[in-house]
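Report on one structure; see the data block that follows.
Chains: A, B, C, D and E, in written order; residue numbering restarts at 1 for each.
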């Protein structure tokens, strides 16, 4: 028997040409089916588990973190780990552990809010562009072209420079306004295919308005690509925020973020001598991004069983 | 809005839908500036009428424009030229918002039972949707209507809580029919409603459609790609080839006495299970030409066994050859 | 099939390339040796590590010959290798090897003749006659003459000149007319003969040597160039074309990466021992690693070793740290006044129009703020532990760091860290917490919030902003810290008197050596960013430069002590710290001259010892 | 085994393993094909007819699908016992195959010539030019008058009917004993279907080969088949000659089908 | 094809024009200018700075500055850099571009030579340990920020193992010929790997899923039914088809590489376009920023055009006219 090899962590989803699936005796809504498929995917479940841990770790901070992450102490900079400072202190004497925990909140918020902004813009413009086509589509597509001509990071740097004093909200909005074209294009593609599906014609034949068709028929059926792309964006943005912080264009002090913590390790001395200062944020970024990617992959498989393991 | 045309003939039958010189050209873009360099003539000058209560079958191969014609009649596509008259009202140019109320009277059943139902809506929602849009009845009445429709098309009323993926192709097509019926339309356009179904299921669906026609006094426009299905259900049959009508005739007349060489070839391709009958199959040579670049004159002349010089030059007009029997072929016209 | 083979070929290729590369790396280390002429050996220069004795010049010839020294700094130069146009200190590092001036500072920051052999001043110090050293040639062999000096000063005064070095010439006789293009002759600098040049000033010059210390550029090269074209002329930017009188010549460079300087065998002060010096641009993150591995021999100004790495560099056996005090300092400026926006628009500075910032106009408040700052803690311990600076700095009370001759340890009133005193002063001034929110209200009972702006780019300074906020909160002052801006943006809002800013962090880099504070603290000068208007101070500053008393350094020392005391009491700035430079060199390099402002003095004396 | 039997399938079982479920796509199928004759397998979608043909070719999509039992004897040799390498020599050589979708069954990036030459060079050991010549002959046989030009064309330049002709030419290139045609006309237009069926008859006569025809269309069956089996749910539910089945269908499924076709 | 290219260019030029306006507006909106240096030197007379501003045209209204810039561009001159005094923008770009090109080509090479074979291998061995290893590696490749990877790489490969240099483009400016080539290559390895890391992961996953898709396609079944060996099926029939979508990815790769280069070049002090851009941004060097943006815009266009042309070469179904 050539089933999945032992120890495999992937659900086998390849759909063979088969008689109508017989195992579905119970009635499941599409959403329930997706959830069911999702939770049958071990990697995705692991992703959810890891992600939840990160979230709980970050947002339950007030319960177990004694130090204020912004509290400096010039008398105690670059301290080694101790009972008081579990991960030592940084160059201003701030508690690294507190910064790690609160930094998680910032990194996650950056990811989540950019994801929300981008998804909303992407869905709205993608819907308009993909559903109506014509001149409005041309305009939206030319605008996305404009954005896509430029390397993303260069554009971000230029804009961040103009805004001079950046805080989390401004950074989130800026990135959101720069990142939307990609997802808009993807969703437009999805809508273009959806538009030709017969159930759209049947809704129109029933006299449905454009708004109703978009809201009731297009968006619910594009939810897969929307959610999957949203997770991708979220993972990318967490990495991007850390990269921006690293080259000094990210969220400014004293707001803690993982990227800023890593940036503090931009010295061989700290790199070799104080692993406690940079390893934890580095690992947290990797874990978070990894878990989001696992979830995204699991969602993709769950939404579209045929695209298994891409 | 143009005045409705007076119904002339035959007197006992009332025309419910009429199309005149209907055309649909899709532009082909090309060149450096993406200008329109040509057209795909999907439907090219088609005139038809449908009587109330009858079933008109439209038969054609891929690229013949039959689906485009059906969608234009529903105004899902805007005609390039020509008129569509429904119940005496010209609906070919009126605005989309004005069409909406008309949707109540015209509904459509689609080919692909898997693609024509929104997978994210429950069956109840799907059937209810047209009523909701047309604002017919209260919520309770609509629910009752959904139940009765489900029962009418042979499904259990519990089906309304289920989702399309839980049904087989035939059952889905029944759901599609129930949806089409929900606003009590006068005309239903079926765009290859059984082509994607297994043969055994096809007959069930066709039977259902026939029963419903009687019950609801429906008029059918039934689009199909071969004659065997149409033969079962139609009163009259129109044969399309490359965007044009080749022949229109009452069913029996057409099968017994096909005039157009293309019709003859189509009929010969209908399989027979009578193995003793030795029939000469007409095998047409060559492929269907592209509708973007249709042959001159009679579009069929490239494959026609009877083609002569005139066919390449001159486009044959529809000629009346009998009671409701029209053909567009130079074999039957005087030069 | 074919494709399969193709892939395996590609794979094999990659691995061999990687392997080759790795091998090449191995060769590299030894590979540099053959390039060097076999040292005849480093016995003689052996113990001569502190080549700071001037008398060593003669023995330098006996030091081991040849070799290369790698010097690292953090940022690439701008590639403007013409002294009259450069602006970046990184370019200055390159040019230090190439160009020379008539005077240069000695290890006590006093100017001594360099290209000049000797000089004479008239009594009121309006005229200086300089005799040049004989036998100096440019890199291309042309003789260095007084005409070159005249030409250089004419160029920085020329109507077409767009650079920013005019300050060296603008007090010379006839500058205005020449600058305006109304005169062809520049009376201020005249060549008597090839070896003699005369500078003439409109008024007595207190700092004549300084004014005559601008690096000299060759007339025979740039004389033929339209003055407006000099900046982009190849002799200002291209390899092999830059001509100076210094010990090294600009050789090949890889832009933004490394710059090779070749020995000038005809250097007037003696041929360099080394064949080449390579200036390398290296990321600060890895610089200590490079130092330890010997890939880099010296880490020099302006950045040096970052404070947090100093401790680990000290641990390295092969490295010597050079830690002179820097003349620059960091401070927190109090916006005592603002220019009205019309004046900002018009670019006018009129002290009469300044708008007072009531939040900071009371000197007691400013003093309280200084008392509330634990600057000792910010700087950190002497042992290199703790603090924002890891001990690489000194607390400052007046704008004269210890390295300056104007420094007088008894001069300032020294507002030490004393939170009680701070609160006392605040209370005296009427600032008390009336609503119990932990922060003081102003004398009118209104909420009292000070906004602090600070720039990115200097880690200890960035960190200080938050420390300041928290330390001021301790005494009840509510500080609103703006998110940091990039330096250009920050300096713009400070310069243009953005009225939402009460305090700002900034630093001054003072390389010139002369301690005259006039350019920064005089009430009407543009650099008086705090808009501090104080006649007493202005008068003292003026006194420090007034002829003829000011010709004597002792007199000036006295005046500046007095002024330092006054400033430390009036606190237009909360002076934070002056930096200690952390420069380093491996023991491979010998003959380094210790100097408070540069590692690059007399590089022709450097040699390599294995 | 009788001499005139070309292919004998015994108790063929092909199952799919998905998660914990087993789907019995082919569940104990028996049939034989005689030399020079046509056997049609008829059934609804999902009846296992296509899986049966893929099982014969051992092209069941893995790794979930697996032939679990049975024997497939081609001229007495059990194909299921052959190694992968040996089986490669059977495919395209002793058994040719034509699929349903002419639009996707040809590789879009290679010319018709390349694709037709491949089996000739592999199984017949022809040189490139020989294979080209043979390819041209084959294309002419299946109705391409300008066969040399067609060899250089890409599949997308051909219509569906023409592609199906190319597929037939490829399948017949090595003169196989058996041609498996899996719904060869389903995706084609009515008039083109007739052409292809006609061509298949012609080719069968020319090469004297047997045909295993898989279809759901009883019209096609009536036209082509000598013997017929009807499959349902992975099993053979009726087996008969053409005359028997058409005149006196027994299984309810067959009866139901007839009603539509004969309507 | 020529028509298609022409049309693309016709669309592109006005877009480039709009982009320059946008970038210019953005750049002039940014506070500060190149003359507000990083460290203030009080010996410089502020009046002199003001004069220099005037001379450089920084005091002109932005529209005038833009027109001036544009008219220079029209004559093939990208303008004079403000920060790098005395240098033209094109001169600066030409001096840095080769380094970024080497870096990009090398990282692309790594991507293709490591990413594609691994992806293909994983697809062939689906559901095996090797497949899981490759997939997991892919996940990690996407999850590790590249600067983090860069720091680790420098630490291990340069300082611990001493295999590769940590900084710069070559060990000596004075070597030439083959030695120079090898030396440069040696310096390229760590930054190239860093830059290529995410791409390797992306391409690997992409080609893997494409291969799986194509492997289950009808024509692959046809090829197997013809008796083709597994090798022929995988490397001839499948790979060529699976490569097609990769080409689109490659078209956009230029942009991705330049973005990545900003960070990579910073860590490895690799003087390329990314670093130059960062310098330009930090010092408000508008002509430089605009010049680089223009260059990259053109590069991306050319990249996309090349991708389209390659598309047509690889996939005979696509014909542009």
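We adopt the following convention: a contact is a pair of C-beta atoms (placed from the backbone, for glycine too) under 8 Å apart; a residue touches a chain by one contact, two chains touch by 3 or more.
For clarity, every value in this text was computed on a predicted model and none was experimentally measured.
Path length between subunit C and subunit D in the chain contact graph, taken as the least number of steps between touching chains: 2.
Contacts with subunit C and subunit E are shared by A. Relative to the C-alpha centre of subunit D, the farthest chain centre belongs to C. Legend note: the chain whose CA centroid lies nearest the centroid of all displayed protein CA atoms is E.
The chain pair sharing the most C-beta contacts is C-E. Between the CA-based centres of subunit B and subunit E the separation comes to 54 Å, rounded to the whole angstrom.
Averaging Cα coordinates per chain places subunit B and subunit C 86 Å apart. Computed from the mean C-alpha positions, the centre of subunit A lies at a distance of 49 Å from the centre of subunit D. Within subunit E, contacts with two or more other chains are made by residues 30-31, 126-127, 151, 154, 159, 216, 232, 266, 284.
For subunit C, residues that reach two or more other chains under the stated contact definition are 283, 285-286, 289, 457, 485-486, 489. Taken residue by residue, subunit D touches two or more other chains at 61, 63, whereas all remaining positions touch fewer. Looking at the complex, you find that subunit B touches subunit A at residues 71, 74, 76, 99-101, 103-104, 106-108, 110-112, 115-122, 129-130, 133-134, 161-163, 165-166, 168, 176, 179, 183. Subunit A contributes residues 70-72, 74-78, 91-93, 161, 164-167, 248, 252-254, 266-271, 273 to its touches with subunit C in the complex. Contact residues of subunit E toward subunit D in the complex are 126-127, 216-230, 232, 237, 240-241, 244, 314-317. Interface residues of subunit C facing subunit E in the complex, by the touch rule stated above, are 1-4, 7, 10-11, 13-14, 17-18, 20-22, 24-25, 28, 32, 76, 78-80, 82, 85-89, 162-167, 170, 231-233, 236-237, 251-260, 278, 280-283, 285-286, 289-290, 293, 295, 302, 328, 347, 457, 485-493, 495, 506-512, 519-520, 525-527.
Those residues of subunit E lying in contact with subunit A across their complex are 15-16, 18-19, 22-23, 26-27, 29-31, 126-129, 132, 135, 139-140, 142-148, 151, 154-155, 159, 205, 208-209, 212, 216, 252, 255-256, 258-260, 262-263, 266, 277-278, 281, 284, 289, 292-293, 296-297, 300-301.
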